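After this come two complexes, each holding chain A, first together with chain B and then together with chain C.
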Partner chain A sequence: MNLQSLDPRVNRLNIPASTMTPMAPKSVLDQFATYEAFIQKKEGAPFTFAGAVHAPNPDVAFLFAKEQYSRRSSCTGIWIVQTAHVKLTPYASDEASIYDSFDIDKPEGVTRPLEPYEVFHQQKRGKAHTHVGRVGATSYEEAYELAKNKFSHLTPVVNVWIIKSKNILQSAEEDKDMWVTTAEKKYREAGAYRVMERIKRFKKEQQRRRSKI
Partner chain B sequence: MNAPALKDLLFKLADDQLVLGHRNSEWTGLGPILEEDIAFSSMAQDKIGHSLAFYTLLHEELGEQDPDTLAFTRPATEFHNSQLVELPNGEYDFSLIRHFLYDNAEIIRFESLSQSSYTPVAKVATKLKGEIKYHVLHANTWLTNLGSSTEEAILRLQSSLNELLPYALGMFEQSKYEAELIADGIYSGEEAIKTEWLKRIKNVLAKTDLQLPDPDTTAPVLGGRYGTHTPHLQALIDEMSEVFKCDPGAEW
Partner chain C sequence: MYGGGNIFEATVFDDLQAEDPVKLAEFEARIARGEKIEPDDWMPNLYRVQLIRMIEQHAHSEIIGALPEGSWITRAPGFRRKLALMAKVQDEVGHAQLLYSAAETLGKSREQMLTDLINGKSKYSNVFNYPTYTWADACTISWLIDAGAIVNQVANSKGSYGPYCRALERICTEEAFHLKYGHDSMVYLATGTEVQRKMAQEAINRWWGPIMSFFGPPDNVSVHTETLMRWKVKIASNDECRQQFLDMYVPKIWELGLTIPDDKLRKDEATGKWVYTEPDWEEFTRVINGDGPCNAERLAVRRRAEERGAWVRQALLNPKARYVRPLA
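Coming up: the complex of A and B.
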């Protein structure tokens, strides 16, 4: 009996199953935490949600996000935040504003100093959340109230994310050159391989044959 | 313009990138986690892209054959890469240490070359430096994270470091044109690169529980720059050029 793997390359090696000591069973829930990545496409553009990565810490999440989300398009900066640090509102239906239908009670008697919070809007379900600005508040609830005053004119907004600025790992100014790269990278994109001509020719040939029958 | 010296320099740079790019691409689909698999594969692709940039200079500026012919049809004895980059992959710790030792040297080479008096190479180095900066950040972040984590991680990395240091020192084997390249302001020379490299890798290793074996008493593995290689290189070239050799004249 040979070692069976989901990877055909391993199966082709015909390794006897008996020579391998099976791995100790893993405990459940050994996954890394998830981090959300925001990409700035060009200088001055708002940071926009790109996707998530699993990572053991924010530094490694940055390494991963850089390759997952910025290697195929222009980029001038990345923000990273652990998913658990993203507070979000419920969703409004498209064309509506969540600010009109969702309220939170502001906690009373809060005396902590003001902290910066970053506010992100989603304009439509399925679209990426985009950074709209920053408010100074003493809690997420207060930050939401302030965001409502400051940004509710930006409609539609179906969902709001609020993140404490201190929880966002921002790419450094001196690392900007990491995204300066050769434009000659077409070999990485499907579009660079001119196969459409051949596919069209093949389809025509198929049709010709079918019409003969 | 000193063509033989420039060719020697460009072949050494291009061959290192091509061979390590190919080796690292062997991890594609087998990386430890999905995100790392993608990052490592993407960097491997960058390296092959860098080799293309240098083979193109050799072709367009110095009259060598076209990049595909240079990459796929030379025998191992005509490759100028260091033996470090041709060694077969083992476990991931081995590849991470090789990545750390190699890219920390590569960034210094590129910093030096971006100031080169030979403008075509200075332009290429300036353009590609940013990518290597990320490769170094990737290597150093993993080293500092794993190098002070669990006993198993530290032991594995340490044993790969002990195994690879002699090969890494072999990267700095001097060419017979060393003095001319330095005198002409084309390249700062291997000795200067090595001194700076040792400083930088020691800085990173100081943040971990790893110990750098004494480089002064470690004998470097030399010969790669002059075409002496382990049998692993020819095997790699054969595999890499298998498709090309089916039909060398094919248009892609």
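Coming up: the complex of A and C.
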């Protein structure tokens, strides 16, 4: 006996009606690693943290993020970074600056190449991190030091994220046309649904009928 | 948005005596000041466990709720309604993604949550264990279940956990369309032909019980509940949410000339509170524990999708990848 549903598509799945044995636990990577997505809402606006996606690689993460975070609002660019590539400070209290209370020692005796790092600030707990700028450094620790000098006037800062620029997959300038979507999607806006007139007409009609009786 | 009333169960972590008193005091002071808690902050086990339960239930409700609504896309009357319903269902599945990520920041992997859903270990909103017989049932879900969920979720968005608040902010902006779309569909039926009106009325009759129990049983006031309220995990009681829903939507149902199948339902002018027949909590408990008209179907369909996609996930798996919980 198969499971019977009101939905013909479910009936076509031919699922047995008997109780199923529990599904075996899956590995934590069954649905891939996590990536963090940043969205630019309009030209010139800072990239702002939107949320995470699960994906097998940065390209797929980009496509998922585009679907998930730019589908319903304006967007002019997306940045994608694997979660493991984000270095972050502890969280300070609101109104305070983490730059005042958190220090890290620069690694000594190690020479690494000078590279660009992107710096993100969270201004208030509960809010999203936004991109504040870029520094050139030889380590995350040095990048944090430089960020402190360069951006600590932007208060308050409750949390800082630092990401190597090369680890960020950035949407390209020449692919801009990907952000132009079909203009006519009014059906998914609240403003497209106006029923007051219809309700008023209905009420009037009801009253008219009642007064006739 | 589909998240229903939350049922918080006492857990073995309930014992606050085991927590570091200094850290606990700092944590409580932060919440009392109105600051949000972020994933890397110290938090009591009870806070973590209850938030995972709540956000996970909310996420499951989004994907399971998309099943009855999704089945109406091909049968929705007209091209515009098909487009709108498709957009709405896509939104709901997106909400589940946002919520799973928020729950993951607390340390439970998405895979574990999906396994727990399929194995019946985690719950989802009880209303989705009821069948949709006609298009009017789909309209009732889009309008009134979403309306109920919005009441709940607006309350939850004032909660103390940062990642959940961020997800809810995004979710709530999309919800405005769902509610208007649902209302619009119902208004068309209610102001239409006799057959359409009858269809609308029958759907309201079928769904009133599940809608009233959607907000969950009255909270028994315990030390546990008080703690969760103080920590801003639970913001409004189930009864408060139910009252707010009745206040906002009973007049909107009545103005369409539809009736509500509860003889006792009225607003007590003296107290300002709605009086109603208590929902059948025995049925609620029975259905939430698996014995409802559609429980088996919902989980079987979800499981079938999970199993059918396994080879794709396997094929794309990067052997070097390692799992890191989302940051925020």
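Rule of thumb we're sticking to: the second predicted complex is superposed on the first by the 161 of 213 C-alpha atoms of A that agree within 3 Å, B and C clash if a C-alpha of one lies under 4 Å from a C-alpha of the other, contacts with A are read in each partner's own complex, and residues count from 1 in each chain.
In this text, a contact is a pair of C-beta atoms (placed from the backbone, for glycine too) under 8 Å apart; a residue touches a chain by one contact, two chains touch by 3 or more.
None of these values were measured; they are calculated from a predicted model.
Of the two partner chains placed by superposition, A:G136 touches none, neither chain B nor chain C.
In the superposition on chain A, A:L6 contacts chain C only, with no contact to chain B. Looking at the shared chain after the overlay, A:L63 reaches chain B, while chain C stays out of its contact range.
In the superposed model, A:W179 lies in contact with chain B only, and not with chain C.
In the superposition on chain A, contact of A:M23 is made with chain C only, not with chain B. Once the two complexes are laid over each other on the shared chain, residue contacts for A:H54 go to chain B and to chain C alike. With both structures placed on the common chain, the touch criterion links A:A84 to chain C but leaves chain B unconnected. More residues of chain A are in touch with C than with the other of chain B and chain C. Legend: residue contacts after superposition of the two complexes on their common chain; A:R71 is shown touching both chain B and chain C. Across the two superposed structures, the residue set of chain A contacted by chain B and also by chain C is 7, 32, 53-54, 56-57, 60, 67-68, 71, 185, 187-188.
Within the complex, the chain A residues that touch chain C are 3, 5-7, 9-10, 13, 15, 17, 19-20, 22-23, 25-34, 36, 49, 51-54, 56-57, 60, 67-68, 71-73, 82-84, 86, 88, 90-91, 93-94, 122, 125-129, 159, 161, 185, 187-190, 192-193, 195, 198-199, 201-203, 206. Within the complex, the chain B residues that touch chain A are 29-30, 33-36, 38-39, 42-43, 45, 49, 53, 127-131, 133-134, 137-138, 141-142, 145. If you check the complex, the residues on chain C that touch chain A are 30, 33, 35-38, 40-41, 71, 80, 83-84, 87-88, 90-91, 94, 97-98, 101, 104, 109-112, 114-115, 118-119, 131-133, 162, 165-167, 170, 173-174, 176-177, 179-181, 183-184, 187-188, 190-191, 255-257, 296-297, 300-301, 303-304, 306, 313, 316-318, 321-328. Contact residues of chain A toward chain B in the complex are 7, 32, 53-57, 59-60, 63-64, 66-68, 71, 175, 177-182, 185, 187-188.
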